[in-house]
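Two complexes are shown next, each including chain A; its partner changes from chain B in the first to chain C in the second.
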Partner chain A sequence: MIKYKISLFGITRDIVGGTHTSIEFAQQANVESLLAKLRKDFPRLNDIRSLLVAVNAEYAEGNFPINEHDEIALIPPVSGG
Partner chain B sequence: MLLPEEKRRYQKHLLLPQIGEEGQTKLKNARVLVVGAGGLGCPVLLYLSAAGVGKIGVIDADVVDMTNLQRQVLYRVEDIGKSKAVIAVSRLKKLNDSIDYEVINHRFKHENAETILQNYDIVVDCTDNFPTRYAINDFCVKLQKPFVYGAIHQFEGQVSVFNFKNSEGILGPTYRCLFPEEPADGEIPNCAEIGVLGILPGTLGMYQANEVVKMITGIGTVLSGQLLMVDLLENTSQKIRFKRKSNAETLIFPEKKIEKTESESFNIMKTISVKELSELIDNQKDIFLLDVRNLGEYETCRLANAVLIPMNSIPTSVKHIPKDKKVIVHCHHGMRSASVIQYLEQNHGFDNLYNLTGGIDAWAREIDLEMVRY
Partner chain C sequence: MIQISSQSIDIQECIDAAQSERAGAIDVFIGTVRNHNKSKDVVRLEFETYDLMAVKKMEELANQARERWDIEKIVMVHRKGVLQIGDVAVVIAVSTPHRVASFEACQWLIDTLKEVVPIWKKEIYGDGEEWLEAHA
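Up next is the complex of A and B:
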């Protein structure tokens, strides 16, 4: 199993509960499969259409592969001003 | 050229070799539009005025409210009920009356955007809502103007500079390169609903003002292609790098495309209006009312006989949801219930689920006028 640790920001902290979460995959995940699993585990994430994933402080999407010790961040849009 | 009085006023800038008289003259000739004179707008306006930006536009259609005073530091108790844009400019003039201020006491919207923007070189996004943020992005991309973005959430903030042309003439990424689609109403809560630390917009607004001064004077590294995220609870900050999408220009003004997608997906999902639900209940039909909000919301107000299974608990509580009768799934406004229905239909084969249009809030507005709204 590969365990991915994810930093959470904005409303995703409330949805998931906490500032970090971790999920396990049987094989290497990519950004798309990671997001799909998160949305399945936490259905309220489906409410957020544009959810940004950063891997090692860089915007990442689609089939971008994620390695076990990569820094992963889940960043939603923020509206307040 | 600077007048003797200006040389004295901006003496500390002139002492900085990076700014000097040349930089200060650039500030004097700059035209900056600040959209929103609230939590972020107040520090931005104060510091840009102090810094001597020659022309500053202030857009805000709101009036000062008591709840603004916790963070919107330009306003006082005596201003409650008065126009923010008007009061802001009257205060700022006392700080620096050499600045040419434009008071725009209207909302920034599609009808007036281009007329307003043509008089400015840099836009500062200090708004508190997504429709205006996306309108700022789309018009700035269309008119090729850079804008400094700031947004806040409880104790966290985001800052970036979008659509910025660097010294090589290359355009940086836009807001839609980060978040392509505008969130729907109710998708992301705002400060009014979930609160915000008053100091947060002060801190983030200061970052925005700083980027404006750097862009005008051409010093330092502008926060283009980078999203700065600041967390005041933990005193952490980090930067995410991102690139301009090759289709950044074609992403703007997608309203028609979005409407089409929404109507397509809503056609698949069955819905019920609060009026129809009220008739079902009056006729004592055998239905199951599934409330997917959280416990606190359920305790605030609920439909009689509604069963609470908060959205996050749905995957582990599927067996409690009947398949042999109409199930009316509802939440506050209808977003969470829609994703629960989508999840249950796709993963557990339900075909008896109805989304309550407008959620319990519509029920409180149209059917049970005594119900507590939140």
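Up next is the complex of A and C:
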């Protein structure tokens, strides 16, 4: 099993509960499969207007592969300024 | 100077950091905490930031601005944590040889910061709170 640790920010922190969450995959995940599993485990994530993933502090999408020790973050709609 | 700060922002320090002998203009944007949004009275704000990525993204924006305009110096400082009404949330200062570029670059930097930099604003009202832009 591969265990991924995910940093949470903004509303995703409220929905999932806590500053981080972990999910396990039998094989290497990519951004799409990671998001799909998170959306299934935490259905309220589907209420958010958009949900992006950052891998090692860079936006990533689709079949971008994720390694076990990558820094992964869920990025809900940003609202700085 | 590009920073996420948990301390109040010193506006003069930002302007000083943008000074350049080659500059004929410094344009400064100061974002402040407003006491209302739409019909709601705002009591205070909380900014949450993904510091590492936020600084990286702001540096990328500064580099992109330098490609588009003739710029001397760029200062971008954004607050995190709890802010009260009237507090300074963000300062962007851009110095350029000629004023048009400073106006344009400064506006582009704040507009684009709001779109791509991982910073989240929660408004606290008398009767609740809300993460902005989170829902459709």
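In this text, the second predicted complex is superposed on the first by the 76 of 81 C-alpha atoms of A that agree within 3 Å, B and C clash if a C-alpha of one lies under 4 Å from a C-alpha of the other, contacts with A are read in each partner's own complex, and residues count from 1 in each chain.
The working rule: a contact is a pair of C-beta atoms (placed from the backbone, for glycine too) under 8 Å apart; a residue touches a chain by one contact, two chains touch by 3 or more.
Not measured: the values here are computed from a predicted model.
Of the two partner chains, chain B (first) and chain C (second), which one does A:1 touch, if any: first, second, both, or neither?
It touches nothing on chain B or chain C.
Please indicate which partner A:41 is in contact with in the superposed arrangement: first for chain B, second for chain C, both, or neither.
first
With the two structures laid over each other on chain A, which partner does A:76 touch: chain B (first), chain C (second), both, or neither?
Both partners.
Applying the touch criterion given at the start, work out whether A:54 contacts chain B, chain C, both or neither, answering first, second, both or neither.
It touches chain B and chain C both.
Using the superposition described at the top, determine whether chain B or chain C touches more residues of chain A.
B
Which residues of chain A are in contact with chain B in one complex and with chain C in the other?
On chain A, the residues that contact chain B in one structure and chain C in the other are 9-11, 47-49, 54, 57-58, 73, 75-81.
Taking the touch rule as given, give the residues of chain A at its contact with chain B in the complex, in rising order.
9-11, 15, 40-44, 46-50, 52, 54, 57-59, 73, 75-81
Would you pull the chain A residues touching chain C in the complex into a rising list?
Against chain C, the touching part of chain A is residues 7, 9-11, 13-14, 47-49, 54, 57-58, 71, 73, 75-81.
In their shared complex, at which residues does chain C touch chain A?
Of all residues in chain C, those touching chain A are 31, 47-50, 52-54, 56, 78, 89-90, 110, 113-122, 131-136.
Going by the contact rule set out above, which residues of chain B touch chain A in the complex?
Its residues touching chain A are 36, 38-41, 125-130, 133, 150-153, 156-158, 178-181, 183-184, 187-191, 196, 201, 227, 229, 238-243, 311-312, 314-315, 335-336, 339-340, 342-343, 347.
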